[in-house]
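What follows is a short report on a single structure.
Every chain is named by a letter (A, B and C) in the order it is written, and numbering of its residues begins at 1.
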Amino acid sequence: MIKQDITQYKNVWVFIEHNDGKIERVSLELLSKGAELAKDLNCEVCAFTVGDKVEQFAKEVGEYGAKKFYIIENPVLKEYRTEPWRDAIVYLIDKYKPEVALIGATTLGRDLAGTVATKLFTGLTADTTALDIDPSNKNLLMTRPTFGGNLMATIFCPDNRPQMSTVRPGVFKAVKNPTTPEVIKDKYEITEDQIVKKIIEKVQTGEEKVNLSFYEVIVSGGKGIGKKENLKLLEDLANVLGGTWAVSRKVVQAGWAPQSRQVGQTGQTVHPKIYIAAGISGAVQHVAGMKSSDIIIAINTDPQAPIFEVATYGIVGDCLQILPKMTEMFKQKLVK
Amino acid sequence: MHSLVFIKQVPDAAQVRVDYETGTLIREGVPAIINPFDTHAIEAAVQIKDKFGGSVSVLCMGPPMAEEALKKALAMGADNAFLLSDRVFAGSDTLATSYALWAGAQKVIQEVGPVDIFWAGKQAIDGDTAQTGPGIATRFDVPLVTYAVEIKEIDPSAKKIKIVRLLEGGTETVEVPMPCMITTEETLNHIRFAPLPYLIKAAKTPVVLLNSSNTTIDASQCGLKNSPTKVKKAFTPPKRERGEMIEGSLDEIISVVYEKIEPMLKQLGRV
Amino acid sequence: MRKKDFDVIIVGAGPAGLAAGYVLAKANVNVAIIERGTFPGSKNVMGGIFYRKALDDLIPEFYKEAPLERHIIEQKMWFISEDSVFSTGIKSEKFNKEPYNCFSVFRAKFDKWFAQKVQEAGALIINETVVKDPIVENGKVVGIRTDRPDGDLYCDCVIAADGVNSFLAKSLGLREKITPNKVALAVKEIIGLPENVINDRFGVSSDSDGVTIEITGPYFEGMESMGFIYTNKNSLSIGVGTIIEDLIEHKVNPNDLIEKFKTHPAIAPLIAGGETKEYLAHMIPEGGYYAVPKLYTDGLMVVGDAAMLVNSVHREGSNLAIESGKLAARTYLEAKDKNDFSAKALSAYQTKMEESFVLKDLKMYRNLPHLLEEKRYLLTKYPQLIIDSMYSIYNVDGVSKPDKIKNIKDKVKKEFGYWNLAKDMFTLWRKLG
């Protein structure tokens, strides 16, 4: 096995994902968690990223506790592309040798992390839901779900550095902890003609990038809502409750809703305070994405539906009738 | 054009059950299937073969029973099937796995010819890491395109391919030269109902067995011992208990629900 | 010369189809077996008793490598009423010696193994494909049409091994629609129990020794039902099969029936503490000899359950299936020599079947289905009589033995009449062989 000399590696690094001049919230969440880990490891939490103009993010990463901000700026890195970003990041990590590197498990993060880890010959743990430091040996302990959340595994990476992990948005909380970070800018020479991948076009689906984990109330629909038009019932109730709407994989497969609204093993994992599952059978893969919600209210016409096994409150009934009634009734009682 | 699809045989995670007493999974009786995302990769490769000619090879790392998955892949229209199976791989994490698959793929290239497109499903439904495809791409030093939802255009002579990827909130179209690695979303295509000739051909096609004796695999990069990440423990998450069923007339039910969630709504500042 | 995809196409990879495929492949015939399930055995839920002889002739000592549960050393027959059971049976050390008489099996596992052997012999097995129609040209079956695109296949001869509901036999007019009195619905549960518990409860000393119990009697309220319990390695197969006509007439839900069955005081302790692992249901041919359809036509032969070849008296089906598959295959080989696959040539199959134990056994019991239909009380009143009599004789309650015998005689006289009793005995004796 190819190993690194772990004594050479120090500090907790957090990848700052950004798009269109904005930092992705998950990176700030990881900075806060990274600060905790750094405390345990008696080292510093640092932010790192690459792009075209990224120095501007120094203030914000400082607000969330980053002591240092390692960056590479190069116009060809303006839009995310796997290979150039990976190579620039590998350059930084090789040079500065952090002992831990955390990346948000977004589409970009999951595209990037595996290739970075492979280049570095180090271990990567995906979609972790808990990060701790092993008191006996100071290894990072990374806990993650497998088999659709049916089995949890705690992983560690004793002989390779950095210990890398991707973490889903919403797992940790972003907590302000203001400091002024030292900006360390490196040069990485790469020109456009060295990059084989070209971005031809980017299309927004008219919907904002939906990060379901932001919301404390989610009203979610499954195949039981019957047709695309009935998604409105979910949205209406969600609006009244101050939350957002989501769907199960079957709804996405039916073409009624985009994948960005999908909750589940191959969609987003959420743990809102209230999760209303309407017309969702409760297949393992869906439940994996929402079972740590505080209150789960399930509505299904089938009393045997597995969703009732995990629901706090279960209603055997037709969601098409129940949802609008709920909306009507709650509207009267709740603030606008 | 030659496509090489990496597939994995997985237990049907939808049917896996938890034994809360022992804290392990009950895999007995759970059918083994081709990882669903991989099937869309196979279908995509076969569609390209239909259009441009060439062949589709499938490589699977797994225990001997993974041969079933490869037979299924052949029945979906693949031409060559390779099973990479050796004790030396046991306990491999994703880094060791991508190494083994890269090494096995060398043999496929040797036997069948250079590869134009490497394929993999976006993630396996048992491990869910989505790391193996990117790892293989890195080792082959080919451009990586993940979350593919559409193969927009292929220019075999210029060796270029345009692919649409799924992003949060939209899509992105990228163009890469071939060879490249594509990892597939389910919405990429519909799996065709295979014509009977595919099944007959598959029944006649043997699966080629690859192991450390007929491939150049460096055992020091394989297996549990040589995997950077190790499992400290595995445990079942706390069981969420069945809650309360609310019954009554429509109005009654909704009143009760409101009552139950009012304290939480208050906390959230909605009341 | 019309193009041919295969010499023989077999529809269905159950024991009949696989046996035919094995014989043909071994004779270097180009044969394909088309199976609708994901793999051979996936659609076959029999978890019952498999008799060694028929397969041993094909694959000698197959039992040394095939996945089998226990070899049966005791076969019991129970008559049960609500609160009692009269039991009889035979246990023998002779059954405990190789090459063994019969085994408990799980078909899903066994068929998979058997199919592997058939493939190794050179037959092609195509799964997940449904045969929709025979292809008939000039009155002759020349191939089959499947549900897949480009799904037509041509051959010299088709062997229909497509099970109790055989679509092929029906569509070629070889048999009529199955009536509810010719077929039973069997509902079965697999109940998991540790090996040593099974050993203790069934009185065997090792987990490779097994017991079977066939159960009937007035407990089933006049329905023609047969319950069964078979010991597997670490589970029990327990179930009840009932003629569908009876289920309809008595308005009984077979699921309720098996639930009730499991609570019988003689049965409940055998399954106590077990965990239901699987729940299955299947139709079983029950019509006997008279329900056997025409076995051949131009270009086609019918084997196995598709030919209704089940001997329910002796609980034999898969060995009849295998035998019929063998004989059909041999008929093909003879026909091939003359390149004649007409009904005339294939009629040799009928002849072979009549000369074999298959039709001979069925013929012997040919009147039984009708007899039971007519005289349902054979399954209720007589067993009840035996139970009551045995109870009375064994119950020491102060009544003298001579009085007891007298009471029994009186009962018989009153409820049956000596004459009727004699008539029934005579009828049974005459009608059975």
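The definition used in the following text is that contacts are C-beta pairs under 8 Å (C-beta built on N, C-alpha and C of every residue); 3 or more make two chains touch, one makes a residue touch a chain.
Because the structure is predicted, anything quoted here is derived from the model rather than measured.
Think of each touching pair as a link: the shortest run of links from chain B to chain C has 1 of them. Here the chain at the heart of the structure, going by C-alpha means, is B. Comparing the CA-atom centres of all chains against that of chain B, the greatest distance is found for C. Averaging Cα coordinates per chain places chain B and chain C 42 Å apart. Centres computed as Cα averages put chain A at a distance of 57 Å from chain C. Chain A and chain B have CA centres that are 20 Å apart. The set of chain C residues that touch two or more partner chains is empty. Touching chain B in their complex are the following residues of chain A: 1-3, 81-83, 86, 106-108, 110-111, 113-115, 117-119, 121-127, 141, 145-160, 196-205, 207-211, 216-217, 241-242, 252-253, 259-260, 265-266, 273-274, 283-285, 291, 294-297, 308-317, 321-322, 325-326, 329-330, 333-335.
The touching residues of chain B, counted against chain A in their complex, run 11, 13-14, 16-18, 24-25, 93-95, 98, 122-123, 125-135, 137-139, 143-147, 162, 166-177, 185-187, 220-221, 225-237, 240, 242-247, 250-251, 253-255, 257-258, 260-261, 264-265, 267-271.
Put simply, chain B touches chain C in their complex at residues 29, 31, 75, 193-197, 199-200, 203-204.
Of all residues in chain C, only 5, 32, 38, 124-129, 146, 148-153, 277-278 touch chain B in the complex they form.
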